[in-house]
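So that you can tell them apart, the chains are marked A, B, C and D in the order they are listed, and the count of residues begins at 1 in each.
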Amino acid sequence: KDPAAQNAAGPALVLITPSPVGVNDFLKLAVQGIEDSAKKHNGTQKVFQSTDPASIQQNLAAAVREKPAVIVAVGFNFADAIAAEAERNPEQKFLFVDSCTTKPFPNVTCAVFREHEGTYLAGAEAGLLSKTGKVGAVVVLDAPQFHRYSIPFGKGAEKAKPGTTLAPLFIGGANPFNDPARAKALATTLAGQGVDHVMGAASAAGNLGVFEAAKQGGFFAFGVDANQCPASPGQVVDNVIKRTNVVIGDGVEAILGGKTGETKSYGVKEKGISLTGLEPDAATSQCVVASHPDVLAKVGELRDQIISGAIVVDDPAES
Amino acid sequence: MTRVRLIAVPVVAALVLGAILLLATGTDPLAAYGAILSGAFGPDGIGDTLAYAVPVAGMATALAIPLRAGMVNLGGEGQLVLGAISALAVGLYVPGPGLVKVVLALLAGTLAGAAYAALAAVCENRLGVPLLISTLLLSYPAMSLAGYLVRFPVKDAGSSLPQSPQLPEGARLPELDGVTTGIFLVVAVIAVYAVIDARTPAGFETKVTGWAPRFAIYAGIDRPKLTVRLLAVSGGTAGLVGAIAVLGFPYRFIDGALITPQYTWIGLLAALLAGASPLGTLLAAVFFAALTSGGFAMERATQVPRELTAVLQAVLIIFLAATSGVFKRKARRA
Amino acid sequence: MTPPNPDAVSLRGIVKRFPGVLANDHVDLDVGAGEIHALMGENGAGKSTLMSVLYGLHRPDEGTISLHGKEVSFGSPAQAIDAGVGMVQQGFALFGGLTVTENVVFGSEPTRRGLLDRKAATARVTELIERHELRLRPGDRVRDLPVGLRQRVEILKLLYREAAVLILDEPTAVLTPPETERLFGVLRTLAGEGRTILLVSHKLQEVLAVSDHVTVLRDGRVSARGRTADQTAAGLAAAMTGREVDLDRVHPAGSPGAAVLEARSLTVPGVEGKPLLDNVSLTVRAGEIVGVAGVAGNGQAELSGAITGLLKTGGEIVLKGQSIDGPSVRARRDAGLAHVPEDRAEVGSAPTASLRENLAVGFHRKRPLVRKGFLRRKAVDDHASAIIEAYDVRGAGPTAAMGTLSGGNQQKAIFGRELTHSAPFLLVEQPTRGVDVGAIENIHARLVAHRDAGHAVLLISAELSEILALSDRVLVLFEGRIVAEFTKDEADPHTVGLAMAGGAG
Amino acid sequence: MIDASLFSSALTALTPILFAALAGALCQRAGVFNISLEGSLLVGCFGAVAGSWYTGSAWIGVVVAVIAATAYSLILAIGSITFDGDPIVLGVASNLLAVGLTSFLIRTVFGTEGSFSDPTLRGLGQFGPIPGQSLLVYLSWLAVPALAVLLYRHPWGLRLRGVGERPEAASSLGVDVTKYRYGVILAGGALCGLGGAQLALGSVTLFAENMTAGRGWIAVVAVMLGRAHPLGVLLAALLFGLAEAFGFRLQGIGLPQQATDAAPYVVTLVALFLSNFKRKKGQPA
């Protein structure tokens, strides 16, 4: 139907998202990644957006029926469905980003992130900047996967300034991934307890609630996935960025090159995870941390220690 | 003939309205509708439709049962989830051969849902909290409890997500072409409901209560007892649907996975639409399931937002409510 | 043609059709100022419809309405009210949750700075109450008032609106003789002030006693009219029904046998300490009709609830030697109780369901309707046809919705269903409320036949004449207690009426 | 555990619920069972954001929210009054419609999905002495006595209650039942519009799919708990808001979120039990 797609000679790629892309930075980067890959290999690309476990399964099955060169799935919600489809369709290649199947499959390539390393660095910034010695986190759900955004934040802060404490709060409720008002209320609650730096891992919409609380309460927040500083300039200190686009590009390239079945972990060292402030374009990022070169210098040291292995950040999801 | 017209007019009206929406967004309505149809009933789509229809029809039937007596159970989500988590716990922890486990798990799910819904009935009978409110309010703690369980005592050791471990190989309901064999259980429940509704004193008493509650009490039907019974059956059916869901792919309980697809609300709508009649409820449920799976297919094929089908669905019901007598509260008396 | 002194109300050629029914068929009606005009007719003759047309609730399909010689046309009651027409509808139009004052001013409230002026409202209502000696308290909640007082609230509403034309649709259906007397006193005073009163009633004696003129409708057409002084009860009854009706039939006494129902010390607590039913004991024997007389609201509903099990009560009830004071409604019915309730539409039937289904209720767990646990369609059909035939229930057949039957036919169906149980004990409440003379005759005959078949019957009725015509024994209920008991011979309207008013306590 | 921010966050949490619950109470008084509050709120949220975005004025956003939610409530009004449809069917259907329609519109109008926001999107801003509260918060508090006066001190209120108790009687006294019922449903829609505007432009400044997250259902419960009296409804909403804010505190002392999530519902249920228990004791049979 799409004439460009008909003419393209290269591989067909399908990206499946677990929820609508919209303003979700993580998924936007994934879409960017698949588009870049398609362009690079002169292929075609499609995006199937899911809304719930049932539609994830449907979309995955529909993708398999199209027999593309690579099916890319982002998000931990795909684990069971990919395992089932990979088993049933050994010829089909999958790139699974952000999580992995429990059992390895020769046709499933996994790319996972070590977000906790980035969170740790962000926590260090918070510790250095905090006046109250209390930092907090507003996180979607109280589950180990999401603790990667809370516990290491406290650890980093404690490392940077001993004695700093962490207060995490979780959104939960009827609609944890889309309840900005509740995210804001939680952030405000933290501020009421003396917290002045809040890590926001409250979903795309939820983080905006956290930032607004920060603006109103005069405290600071941290974003995730991409540079969220422009959403609330002056309030967002820094972001734990996840280079999903790069990771997808790498993964697709590897699969097209014939390498499949691996699991690759991306952390600070592999440049899959970083902080906006540590990137070359930090100065134009509108992030608060850009005006604290001393803090950035110290955090840069910590990053190097993580890269060298001198510091190992515990993964809360492993516990 | 008039019945056909009663349904046909709203359907056409909804389709026309949908077509206007589509034209407004610059899409060919015929292509979009074609994609919905083939996505819902085509060789690739029918499986999706059935897979979706199992929980929706199951929940629709669960909620239709008390609705027949004029009782609205708004707590289907909690009962569904509680049934699922109970079935899962049995499947995981009760020793024994696979088949026994499956049967016990289904039973446990049914019982858990039944007991919980009956509790809401007791709240109405003993504490004067209307059923509508007691079922709704009790639903949330059940969902929280299940979330808590898979987060702590029943968590999947290998995963960092709020989900349970997978059930062992033997303790699963097999799939046929992507559709759980639980479909037979759901069909059986609907068949039993249809027979009880049409042919037994119990079904008759339920209907009498639905027609005229005070008349039913006058005639010797014990309303509190009936409420408990109907809610137990309703919750039990919801629990069974939950059990079928966890015993099927992906063979585990994932926090929120039974809630986000809106099985319960769409089921309730189907039941309300059909006036809780057993076969009508089934038809409406399958229709909604087809619209949903067709919607996703349409989006994949034409990039028209799948929400269009949600809009069509709701508009259709509203037109139905407005133009036909199916939802009339009371026939007017002389 | 135009009379020099135009009538206060003049209806000309009124036609009103409902789907399938010609309710009013070219009806003419003239009523002078200061006149009490009675409107009579069988159930469904079109009385309420005609009055509703005058009150703006229905628009006539044909015909004209004139008030004091001026033609008017009402699209809504609001317009009729503005033109000075007021109506007390059959079965009241009161709000139980509101006070007397609120009910009275409802729809034309006095205001001050945009808000309700409660003071002015109360003052005006109090003044009207005093002037017409209505003995109401403006602040009382209407739901706490007995029926007789509610009736007065309705009258008060008309007075408050300064209605020149007062329509009362069967106002005495629920009143006792003394209350009726009081009401008529008020009506006469109002007529004396020059107001026009239209009174709809089935009760011949009342009409003869209070009205100046009378019009009889039959099948939507005027079948008789004239000065009341020129009419006789038998003549009016014949005009209504088109046949001779035996009006004053007092049925012969039965021959009571063994006690079937024994109730001892039935008590229902009230809100403020005063019990609604206070230590009531009674016995009903086989082959006996025991009538419970009393002004509505003196514990009748509670007595019925206590016996049927619809209300939880203190005390003991023994049915055929078996204690039933614990068991449920169903157990009591299984033990031998049948019941014709007061409220036919909501309690006695399911209006939206078919006649067939309505008739199956109560038989739906028993043979022959059920066999091997399943309801048999054929048996259900046969059962319905049998009752329809035996009790002459007229309508569109067994599949017609109960609610589409006329009131009289609904009553026949319910009677048929309950009598078909052949239960040892039958409780009947207000069997002929709102039922026309022809139907009354029929219902009474059936009750007596039921008694003569050896069944025990407890009859609760606010209609004293009905109690006297049927009962072998009469109990009088006053303020929750049985204050007097009479044998058939002792019972006469005067003494029983006195007891009903508390004069025997 | 208890400090000013507890009340502040309770206040923020309860405002949309309060608006919706007042809408529900008004409808209930007129004998209309309104369970489409959730959908009305959501439509209000969307209208507010769309209005603010296209005009650059948050207050025009509020007006658009009110218009949108009022228009949306026409579904219930026309369906249940003019066509005598079952209000529960219409409520459930229109709630689903609100979710579908706003998700559809966010894609077709804003060209995005999931949520829409922009740094230049105008919010309501703070007003008055209490930090973090918009003018609408105060308005919601004012609405309580205003509605109480309307219901119990104004002729309309008297007629409205009459319509709720016995529509046929009210109509025979010249009160246009249809007009009153339309009036309360549409007014309820307007109130929900204000609630949605507060949620989407007051609490936060964005629209997210299904962002009402069950607040409309809580409002339905609050109507019940508050016995459809404006003051009672306020207390019920306050109770819920406090219980939720308190639940956040419990997380702070280490309870898992899954446990504290249930807190407001359990508290509400207990409150319902207690209030009914008292009533039962005071009023036998």
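We take it that a contact is a pair of C-beta atoms (placed from the backbone, for glycine too) under 8 Å apart; a residue touches a chain by one contact, two chains touch by 3 or more.
Just so it is clear, the model here is predicted, and its values are computed rather than measured.
Here the chain-to-chain distance from subunit A to subunit C, counted in touching steps, is 2. Comparing mean CA positions across the assembly, the chain most remote from subunit A is C.
Counting C-beta pairs in contact across B-C and across B-D gives the higher total for B-D. Measuring from the averaged C-alpha position of subunit B to that of subunit C gives a distance of 47 Å. Averaged Cα coordinates give subunit B a centre that lies 27 Å from the centre of subunit D.
Centre-to-centre, using mean CA coordinates, subunit A is 35 Å away from subunit B. Shown for subunit B are the residues that touch two or more other chains, namely 140, 144, 147, 151. Residues of subunit D in contact with two or more other chains: 103, 256, 258, 261.
Taken pairwise by the contact criterion, the protein chains fit none of the simple patterns, being neither a path, a ring, a star nor fully connected. Pairwise chain contacts present here: A-B, A-D, B-C, B-D, C-D [touch as defined].
Every residue of subunit A that touches subunit B in the complex is listed here, in rising order: 46, 48-49, 51-55, 57-59, 61-62, 65, 76-77, 79-81, 84, 102, 141-145, 147-148, 172, 174, 176, 316-318. In the complex of the two chains, the subunit A residues touching subunit D come out as 19-24, 49, 141-142, 167, 169-175, 178-182, 184-186, 188-189, 191-193, 204-205, 208-209, 212, 216-217, 230-233.
Partner subunit D is touched in their complex by these residues of subunit C: 55, 57, 76-81, 87, 89, 92-98, 102, 105-109, 111, 114-116, 157, 268-269, 271, 311-312. Of all residues in subunit D, those touching subunit C in their complex are 149, 153-155, 157-159, 161-162, 165-166, 168-176, 283-285. Taken together, the subunit C residues at the contact with subunit B in this complex read 308, 310, 328-334, 339, 341, 343, 345-353, 357, 360-362, 364-365, 370, 373-375, 401, 403-407.
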